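Each in structure tokens, the structures are laid out below.
Okay, so chain A shows up in both of these, paired with chain B first and chain C after.
Let's look at the complex of A and B:
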């Protein structure tokens, strides 16, 4: 079954299949989206249909699904039948993980593969946790933002465990690429859900420090800004009142470049009742180098005004935000 | 790890590569004479039609990996054709209806290919959505009456998990995509009831992330495809106000990058298909959230000096072509298409439904520049995203002059991207209009007015007129 396609012996000439009558696909007399199937593909699927119809859950059916999956890893029916066969045969599921890994290497963005992997790992239980974390790590080393791999990893942590080193894993990935939003998201997942950490409240101080540092290193990086806001989810008052939040905005503003996210956060703070000191007013005034108009006394309006100009892709949004400002912030 | 220049991360490096390509396109555009500009901004309708019609009939061997997605291919092509305002001849229409009927499962729902009497392909929610939308897009009585609504209802119900969410197929994956396809189909077929709706809103709500967007499953990353699906679902079940819409809007508005196109997630690469998934979110909020939507348009943008007509404004700024698209940017590419034997097709399966790909903008402040300079000149109702910049990205960077549309420069066309780039183009042309029945002003349409596509119902992503016909048909039957 590992043989090259060129040497593949047609199934019709293999004695072990002589008792099976292949079942061709009935596309109808004049089908649309007609695919010019390769011959091997057609033959494999014809035998697959025959076995699927007969619900033959045998070792040869298992190997046939393997061939069919190799031709088209997106065929969910084939995967589904494969699971039924694996169960009937009480097959070695560790081997199955190896099979999935081979397929996943060239098709790492396919819903079926990952769904199957989840099923297999779920059957194996907590013993599989380490292997699954290693597996997703491997896939993420090829593409650190693979959505399916991250979903799988989160499922493994929740269903099978292995939380202990997860924050460290996030830290390493963020060290490699601080712009990796998937790693930030995973960090949030760990901080909020790990049974070994103190949850959002317990972790907030250290997380805020970490995030502020990331912001100061790259103020144009949206990820830590959104993360910072997320750290105060469901506790808006703390967010508004925490001087660490307003001061990081002020620091970035005073650099006078890459300050869109700082302004945006400051605007949100104002909308939620933050009372700015004169320093903020001055910092915003200083951003308007060539504007002849005096600084709007309403700081929220002044911020929107600056954003309209420096963030012109979102000019309409900032105008709209301006029109929605609460009175006299 | 792996950064060639000492201080650039993978995200930054990939983003700057894409930005180079896009910048090059825009620079070329800026430097050509007006006549050539006009040509470059033209939607190549004839070539797109030729590409689509060819695909509807015959597909090469590389499409074997889409063998379990044939109703999807039908939908991508038929919807693209309908967006272009074209139709297929009666013979081809009959063949399509016949083909999709063969994909309909005797117990309800549609599978990925023909299965006839014996189950050979299980029904699947995504292909059910694709088949139903295809048949609505074809739109006559024969087509609509070929759908067995009673059985579809039972199929949908059997896909519902006790927690309220849906599974894609029997024992299949459960996510926001499944919820959307189930609820969309039920709604358009007029079979949505309390039992189908029960608790699905709780599931969607649990997927709104700290970023503001919606993820595929609780805990994962906010993503354009899932955000569209989650929001559309919440609108259909009348629970949209349970979402934090202000944060959602703030998240999506930042997904539009310097290129003018949208990225799917924070700090990812631009991808033409998100023109619909993200752009469509604005259309949903504007059209279907009455209170929020009403105030979501910039009505006569106040401050306007109205020195120019909107059309002049747009055209002149575009041809000024002052694109200084610099800005620190980053990225993460995504294989949305694979090339096999010289043919480019979308990568197998529903991976294409929501290409997890997209753009990134490590938003330096120097963005924009793509749009009109004097903001105060605008005197029209405008959407909250930059619809002209999006159209420019689609026409110049996502269009294959030989027919078909694509993710980004250097990528190949495929039917998936053709469908969603055109859907996004339609949304960005029509989002200026006061209501869904008024035609956009010329200023809302970048390039010749003949670029104007048919308007869509953004919830189901079918052409508006066909949606209404279907609505009427299923209301009385």
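Let's look at the complex of A and C:
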């Protein structure tokens, strides 16, 4: 492996490249994107174009793509050619995974890198599952919301397997940051798709308890509120009637701070036919200490009214919601 | 309302087309086609499309087309749906779609539809709802939606819908504002918006506005393309205050202002991401 350190010998002075005539970028009639930024980069790309045009799938071409990728990992044509070379040479793909890992460390949000990684892992098959889960874990330890890493991880689970510890992985990430929406999304992915867990229905009770606990610890956290609703997907009636759902709303309201999501969920429950007890009315009344007007007899309207004030940036939204409320029962 | 520094934005966009030695030019070499779309759409929204030499752009653009019918990001690069849509959009801006072999381009796109209705970005098979949008948008502009299985394409997008009403890049992928644009845009173009859970998604999108007024793409992420964050000296818009400006974020900033009906800007069609008058010309012949 060549290193990034030290002086780089221009390719024009390397004997192994003397038979290649570099091919500059053709930018059309009026060249508007000439590359002067770095002489080395220009030279590398000129040699790349020459080899690409000649379709030379050789070991030196492979190492040239490596150099070109180091300069600009976003150039998808270089990656394409690299895959063709890897196939032609029947190269060691485990080594290729190591190469991708080195590049990914400083470019973890680049589509080409992840696509290439998936191609390599797919060729290696189920043997690569553990390595790929470890790899994404490493990337996620640097940025726990890296969209590409999560996509790759979901693909690995579905294509290569490794579901066994995934719920635990989500638990750990949520322990580190309970606001990590990506980890909540992954949790839902596991609960609904893992072949080992019994699906949404089988997991609902324990997941609701877990989620309620997360909400009570941070009622301002948007993610567990949405997750809670997701646990009742295609079963709105259970969501409306499950006392665990309405009671978490009530509990948060009675704390009297960070209650926007609790009010919002209660509003949705009401819109879907939830019959509130007097306790709910009192809790909402207690939120509007400084408001001289009497509490609206329509609880939905009262909620929108409170939200217009406490969530003033979205006042227009809550006004619109108020106008769309079903007729009070 | 403060007047948009239109002339400075125009100058900025022209300058990147002419700048020969910047880092920006180097890393953008392979996606110059998209750079052309972002820059030229911005110019058109500002009413300044005539500031560029149309013939020159089209002549370069047509050299990026491959035998397969697809377009590359630049001359000598490989074709990809990303740049094929950009090329078609640029030609639409110039009202020059007639220079295309429409069947050839649309065959390239339709050939990338997979059995499950999804689309690959190119022959290497990367699948993403971004490519569903690209395929649907491109074929619609070319009046060739009948070349794909639209029902299957719609079903695949719907399979990427999440518990929060948003959409991800593949089934189970986290909701992300960018993917939501693609999925809702594709559903709008195919007349399938009834699959969108409007109330749920509407609220999720409302929640993307953070205290600074900016918008984030996912919960608990930093806001991006703060709509009023312009570099007033040189023109151009960046993703956040203090970050460098670029043509991509300039386009998004100006397009966002256009959606907000900012004075001095043409209206933009939110599904096709082209100026309204261009879309009208495509579908109603001016």
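Definition applied: the second predicted complex is superposed on the first by the 315 of 329 C-alpha atoms of A that agree within 3 Å, B and C clash if a C-alpha of one lies under 4 Å from a C-alpha of the other, contacts with A are read in each partner's own complex, and residues count from 1 in each chain.
By our rule, contacts are C-beta pairs under 8 Å (C-beta built on N, C-alpha and C of every residue); 3 or more make two chains touch, one makes a residue touch a chain.
From a predicted model like this one, the values you see are computed outputs, not experimental measurements.
Three-chain overlay on chain A, with chain B and chain C in a clash. By the document's definition of touching, of the two partners only chain B reaches A:109; chain C does not.
In the superposed pair of complexes, A:146 makes contact with chain B only, with no contact to chain C.
Contacts of A:178 after superposition: chain B is touched, whereas chain C is not reached.
By the touch criterion defined above, A:195 reaches neither chain B nor chain C.
In the superposition on chain A, A:77 makes contact with both chain B and chain C. The clashing stretch of chain B relative to chain C, chosen from 6-14, 294-302, 312-320 or 402-410, is 402-410 in the chain A superposition.
Chain A residues 25-38, 41, 49, 52-53, 72, 74-77, 80, 83, 111, 115, 118, 145, 147, 150-151, 154-155, 179-182, 185, 188-189, 193, 222-223, 226-227, 229-230, 233, 264, 313-314, 317 lie at the interface with chain B in one structure and with chain C in the other. The residues of chain C lying in touch with chain A in their complex are 17-18, 20-23, 25-32, 56, 59-60, 63, 72-78, 80, 124-126, 162-164, 168-170, 172-176, 202-204, 206-207, 209, 211, 213, 218-221. Of all the residues in chain B, the ones that touch chain A in their complex are 1-2, 9-12, 55-61, 63-70, 73-74, 77, 92, 95-96, 98-99, 102, 111-114, 116, 118-122, 124, 168-173, 209-212, 216-217, 219-223, 249-251, 253-254, 256-258, 260, 265-268, 295-296, 298, 301-303, 327-328, 330, 332, 334-335, 347-351, 356, 360-371, 373, 375, 382-386, 389. Considering their complex, residues 25-38, 41, 49, 52-53, 72, 74-77, 80, 83, 111, 115, 118-119, 145, 147, 150-151, 154-155, 179-182, 185-186, 188-189, 192-193, 222-223, 226-227, 229-230, 233, 264, 313-314, 317 of chain A touch chain C. Every residue of chain A that touches chain B in the complex is listed here, in rising order: 23, 25-38, 41, 45, 49, 52-53, 71-77, 80, 83, 107, 109-112, 114-115, 118, 143-148, 150-151, 154-155, 158, 176-182, 185, 188-189, 193, 218, 220-223, 226-227, 229-230, 233, 257-261, 264, 268, 308-317, 319-320, 323-324.
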